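What follows is a pair of complexes built around chain A, which joins chain B in one and chain C in the other.
== the complex of A and B ==
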């Protein structure tokens, strides 16, 4: 039995104490950076923005304010509008274990999506409207946005990465022919 | 939250992320005995040569040798050997009012252990002060079965 903090409450009595419950909780609070604030505003309009390094041309989504490879500062002048469709480059089928905090009960997909030119990679995206077993690398997909009144970006901060499900629910197949692996094999990770 | 930056007033927004991990750990024969003792309002040390270590350790810190489970009851009162004062406790601290974190060498022990001291005021804290445990009514076999220590001979 545990109390609300997850601590064991049933060790009183004569039995030797052999186990210990420890509930570790870390809270991070930080100020949302200017590029991520603009990213959030764009999501509310069902748009994806990114920053592109002028030197190496890599596309950072969400925008991070700098290119860590070239140590170049990036700002609004480096911001570009991204496509909200692309291709599944790789994916994982996750069979959920019911550990603490797990909300999923059925196998689900997390996919990496390479967006159409000018590019940008969104990782850990849900793939909707298709059975898990039919998801494949090379599959063409398009964004599924939350309806305008339901979009919520309040939880998106500097550490959110591509966890955008409050506004971007995931991606669904477009029905276009699959792309060959050579078209994206240098972008897989 | 607002920030004045180069004459412009910018609205700043904060987000909070919480990471939680519930752990269940086995205690082993030594810490298990220590925690069982706490549940029964007894503080146990372990003999290491001619010394008594509190809290008890599984290995002699001097030699690295495994220690026999030779427990000895110590305290419950003890002497503060070092301390610092927490002026603004967070909700994760053991007390919700200013308190001291102290190294306390319990009577009969040769080492000191960390615990909270509810002294009421920093003016009452000093190295060498005598303290005694305040036990919780409902004990679970954890270090905070001792809610805190209090100055001997008078509540804070």
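== the complex of A and C ==
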């Protein structure tokens, strides 16, 4: 085929295909919000804080600055201290695949912990000092804090949720009798 | 398109724009939505439809647009939608939704937290991935090409551009939400170096974190709750070619067509709030919309005094509505834009009753 100037052109399907690579990355730098800053400060002091909605009484941990159910803003006045013991309401045994960046080599547990009154739910918590096969819903647990000089909250930002390993290593069994499922079945995460 | 069913703006609110908000997007959106709803006097649970405009790329958070719903109060579940566009397009969707008979109110919002990222890195990703993205075709570079074309065509001078910046910043002194405000001498502005020639810093919008919310209601409902509703008399949006080399950057055909369809020219416009995010875009938009010297342009200070991406266009419509609801004006206009060099444009004509 030729174009209007008489030059040879390729026909459909014959065009040479040129591949190109384009590498890009985006960097974001987030400012830690006021409620999460207070949460970080409390963790350095081996304390868990939350905000409680004055209307529905739901407990938000980490504190988020508002209750999305009642659409009320929350601040320090709505702050409460949480217990650092509670009950395993649900858990998953993760068998690690050795993808790039995976540090775990043996099966491990990630558990949802319902804290004792005034409540609050921590998800994705490690359960320590017990074989994986013996972890169960209803098991009573207590927090294992990192020693004071080793606590680190640098990883905690607006988006880190319940990932607290730098300060709160996980939870271990207390040895108390298990709680019946009815005691927490409406709060399983 | 001419309005089929009477829909009015009866409530609006904005966040105070900041270069870097400590609050998260949901946190600063929260009081804005509360304030707009409060002004509208419509109980939250009675809102028939909610539509949001935002972009997860800005703050770099996956599903940030879902989290934003926490500021609305979405439990029990509500009827809602989202556009990856400025909130002005969310308003358009809500206006279309209100043409149906089953609901009479809607909540619209736009929000953006631009401070965590680098616009010069993020924006090229929306361009043609073969020929433009690898060039790093960012908003300032593309706007500079447009400004150069405009200067070369003799349609604007650098002095006129500086005068637009000075006027916007001066007007913004009265706007509590504005970010860049103050008295500036045009000669001093022109003595500043170029950022990307022919643009100086004053020709560029600031980087802003901000939000805007608007409440809409139909006919009798609007009259029932609002003393002087701002009626949407025409609203239309048009889009041009993605590749900026395929169009004349010194004019805005899509704005002209949207303006004609929205009925801009059918009666005098008193105030126009234009999303001219670069100084030289204001004369392009004025020409496209046929706005003469008698029209007050951007009394809020416009996008040059605060540019909350994804909210700035909706904020223009809110400001245009405010001119009617609070300012007693008869006929105003809000404009929003999307894409590089005014690629896509939305025009909304508002009227108050006599």
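Annotations
Note that in this section the second predicted complex is superposed on the first by the 161 of 189 C-alpha atoms of A that agree within 3 Å, B and C clash if a C-alpha of one lies under 4 Å from a C-alpha of the other, contacts with A are read in each partner's own complex, and residues count from 1 in each chain.
In this text, contacts are C-beta pairs under 8 Å (C-beta built on N, C-alpha and C of every residue); 3 or more make two chains touch, one makes a residue touch a chain.
Since the structure is predicted, the reported quantities are computational estimates derived from the model, not experimental observations.
Once chain A of one complex is fitted onto chain A of the other, the partner contacts of A:30 extend to both chain B and chain C. Of the two partner chains, chain C is the only one touched by A:69; chain B is not.
Of the two partner chains, chain B and chain C are each touched by A:20.
Comparing chain C and chain B on the residues of chain A they touch gives the larger count to B. In the superposition on chain A, A:80 makes contact with neither chain B nor chain C. Within the superposed three-chain model, A:132 lies out of touch with both chain B and chain C [touch as defined at top].
With both structures placed on the common chain, the touch criterion links A:159 to chain B and to chain C.
Overlap of the chain B and chain C contact sets on chain A: residues 20, 22, 24, 26-32, 158-159.
Residue ranges on chain C touching chain A, taken from their complex, read 20-24, 26-27, 30-31, 33-34, 44, 57, 59-61, 69-75, 115-118, 121-122, 125, 129-130, 133-134. Here chain B touches chain A in the complex through residues 1, 12-27, 32-33, 35-36, 39, 92, 138-142, going by the rule given at the top. Chain A contributes residues 6-9, 11-12, 16-32, 37, 100-101, 154-160 to its touches with chain B in the complex. Interface residues of chain A, counted against chain C in their complex, comprise 20, 22, 24, 26-34, 64-66, 68-71, 73, 158-159.
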